[in-house]
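As written, the chains take the letters A, B and C, and residue 1 is the first residue of each chain.
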Amino acid sequence: MKKIFYQKSILPGYGLSLGITWLYLSLIVLLPLSTLYIKVFTGSLDEFISAVFSLRALKAYEVSFGLSFVSACINSLFGFLVAWVIVRYKIPFKGFWDALIDLPFALPTAVAGITLTWLYGPQGWIGSFLEAHGFKVVFTPIGIAIAMIFVSFPFAVRTIEPVLKDLDPEVEESARCLGASRWKIFQKVIFPTILPSLLTGFTLSFARSMGEYGSVIFIAGNQPLKTEIAPLLIVMRLEEYDYYGSASISVFLLTVSFVLLLCLNFIQFWNRRYLGTI
Amino acid sequence: MKLKKIFMFSFRFILVFIALCFLVLFLVIPLFVVFYNAFSKGIGMYWGNITREETIEAIFLTLKILIVVLPLNTIFGIACAWYITKYKFRGKKLLLTFLDLPFTVSPVVAGTVFVLLFSVNGLLGGIVEKMNIQIIFAFPGMVLATIFITFPFVARELIPIMEEQGQEMEEAGRMLGARTWQILLKITLPNIRWALFYGMVLCSARCVGEFGAVSVVSGHIRGKTITIPLEVEILYNEYNLVGAFGVASLLCIIGLISLIFRKWIEKRDPQNLYRQIHRYGD
Amino acid sequence: MFIFCLILFLSTLSAFSETIELLNVSYDPTRELYKEINKKFSEKWGKEYGINVNIKMSHGGSGKQARSVLEGLEADVVSLALAYDIDMIAKMRSLLPLDWQKKLPDNSCPYTSTIVFLVRKGNPKNIKSWDDLARADVEVITPNPKTSGGARWCYLACWGYVYRKGGTEQAREFVKKVYKNVPVLDTGARGSTNTFLQGIGDVLLSWENEAFLAMKETQNALEIVPPEVSILAEPPVAVIEKYAEKHKTKEIARAYLEFLYTDEAQEIIVKNHYRCSNPAIFEKYRSEFASIKLFHLEEIYPGGWEEVHKIHFSDGGIFDQIMLERK
């Protein structure tokens, strides 16, 4: 019976590590998350649908998903560019730029929020310049997108960078010898190799942007139907005493997160098959 | 031919230029803004802002949360990494998916979950009230929410390395009659020490900076359930922009230290860090 | 780092001398007021009884704060923006008696305030009265009445202005027009003020005291425009008896609230631009407040907050309808 679940190992501590892992995970993650689902199942299906797909909620998803998509696209593009430049070219202060990319991981989101709001606000450096040209960033969807780009940027770079580093120069050289142009090499050799990691980066950065709260609420203006993001709506529902609504939207977002994680696993699986073994 | 070379050079130049512009615009300037604003009223004012009673209380509380969260997450991280890398069992994939959860779940959902669970009308609210302990709007709730957000950081750093290193050394140790704790202390831990250390640094940085989840479960009581990021928000709401950026600069410094630390480890142990960067790419 | 640890250490040590801790859960714009009041009160008790009173504050939108108390935030004292929120605490969890409002003088309101307009220097959009807020070229900033008490007073002031002249239908049309001009609905009054200070909107509907504070913050880059008519906003205070009993702080919590009615505290209240309840002291500082015709909530809704909530702010109430229609 036991053999089906795990292969016996000579190393001790199986029971202990198993116990700690699952106990901790159950107490901290599984039990709390299951309450969310239990709470939602106390209502009828109609209630659930009207809570999850109310006009305000739909608009909030539109803002959240739409802008996350935009920022994930921009991040993939610039993430690739930055990774390319850092891996391939000689640039001054490479170590500095490289460390800098992780800044959004290290910077608390609230700090990012007030900083970006100030910077792009009417009295900030960039904001005052844009305002003079009739361009408003703070409290508009553009502002939200900027905050999302900021917090999820490292995901895009850090997933592409190692694959670019790993690229075998011999493949490119032999392609060159066979007379392929640079563009052709990029198109046929480089791009297919990094495509899976590009997709991984895209998904991660999308997921992160979608869930982002701390930095966005400062810059969003939080106007229902217009600049209200889905995580904020969860908080608003709580503040309006609407526990069920809050739980329902949480469940919806959580499910989307799970689906994204599955996508990630799938991409990684596909990637392994695609490239053979790495 | 020469023309082509010039073209390639300028193409390269433009790429580098765009990339660096992007980095400056999105990363360097915001970082600079924090310190610029923090010191905009002079260094005396800055010092005054970060040594105010409320700020110190916030720092104190944040450290208290860290002291509870960090050891728990470290123990979990070591156990979990050991469990995942040393044995073959079913459900490993599922477990790894759970470890990715905090990267994709909104922190707000994390906070909401604990409110639904422990508020007076919540699932466990009755029990909690009977036992006369306060969980949400108090220290335990904030610890729980922080753990939810930070639990996989240590494990995530350890798994790739322990996988890489295999288990021959441990097995050899076992053959020679070493006890469990001897294997752990004398063989495994020295091998993974840098990754472990770095995981703890990452976990601490995230723990100190967490805003969304903690904000939902904190009762926002000044001097009691206010962490450093929440203090930043309060100061910001009190029109004290300079103060808010002053406190924010403390968080920035913590963040920068973790970045420098990362570079430092990379130099000592390039192979390991390379592995952990690799994890999403492969 | 060492000095820092030392400070932390000392601050914990000092916490061991005899202290009573009170938690006052309050709404947004009272931050500055209670900072002063608490200091005075602690000094007084320290001197008279040798007891160290440490009053902790929690601020946020009034509705949100009431919710926190309902969910288990153990406040000894609440000082919220409107009676309805405290009623909810009394009704839903009986943490205090239903007739709590009779326990202290003046309906448990040691201070009142009203809603005024705050505009940019020179009043560029020439906003003079409520009617101007409905103009298509004006952007109005006000918080969300669903979460903020101040926003409810704003909404009702706006509503009452037309309702007293014309009735429900007209008022509904008018309020709809005004809320169509609102680009940002923050969760609390303080959030709205911050939004306005960031340069968004032409006019801020604001607590009178908050408006004064914002003027001070911006070194008079803003102007207060008093409307001809506005609502008398009555933010009440109450002891949350069940929690106070649990913490054995009932006496001191009550004394704390009674302190608000003393001349000393009333002076502080006026200085923070609230209209204090003591008529003599208010007369003394009368010139600092604009003369606005104030109407009571009960004049438009005799049933009080219960009725208001049912008609306007419940799910699917008039406010919800307006927000949906304005799209």
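As a convention for this text, a contact is a pair of C-beta atoms (placed from the backbone, for glycine too) under 8 Å apart; a residue touches a chain by one contact, two chains touch by 3 or more.
Predicted, not measured: the structure shown is a model, and the values here were computed from it.
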{"item": "Between B-C and A-C, the pair joined by more C-beta contacts", "value": "B-C"}
{"item": "Chain whose Cα centroid lies at the greatest distance from that of chain A", "value": "C"}
{"item": "Whole-Å gap between the CA centroids of chain A and chain B", "value": "16"}
{"item": "Rounded Å distance, chain A centre to chain C centre (Cα mean)", "value": "39"}
{"item": "Chain B-chain C separation of Cα centroids, rounded to whole Å", "value": "37"}
{"item": "Multi-partner residues of chain A (each touching 2 or more other chains)", "value": "238"}
{"item": "Residues of chain B touching at least two other chains", "value": "115, 121-122, 236"}
{"item": "Chain C residues counted as touching two or more neighbouring chains", "value": "191"}
{"item": "Residues of chain B touching chain A in the complex", "value": "8, 12, 15-16, 18-20, 22-23, 25-31, 33-34, 37, 72, 75-76, 79-80, 82-83, 86-90, 93, 95, 97-98, 100-101, 103-109, 112-117, 121-123, 144, 147-148, 151, 167, 170-171, 174-175, 180, 183-184, 202, 205, 208-212, 215-216, 228-230, 232-233, 236, 241, 244-245, 248, 251-252, 254-256, 258-260, 262-263, 274, 277-278, 280-282"}
{"item": "Interfacial residue positions of chain C with respect to chain A in the complex", "value": "61, 63-64, 67, 144, 146-147, 182-187, 191, 195, 198-200, 315, 323-324, 327"}
{"item": "Contact set on chain A toward chain B in their complex", "value": "4-7, 9-14, 16-18, 20-21, 24-25, 28-33, 35-36, 38-39, 78, 81-82, 84-86, 89, 91, 95, 97-112, 114-116, 118-119, 124-126, 149-150, 153, 155, 158-163, 182, 197, 200-201, 204, 207-208, 210-214, 218, 230-232, 234-235, 238, 243, 246-247, 250, 253-254, 257, 260-262, 264-265, 268, 271-272, 278"}
{"item": "Interface residues, chain A side, partner chain C - complex", "value": "55, 117, 121-123, 131, 138-139, 221-227, 236, 238-242"}
{"item": "Residues of chain B defined as touching chain C within the complex", "value": "51, 53, 56-57, 59-60, 63, 115, 118-122, 125, 128-129, 134, 136-137, 219-224, 234, 236-239"}
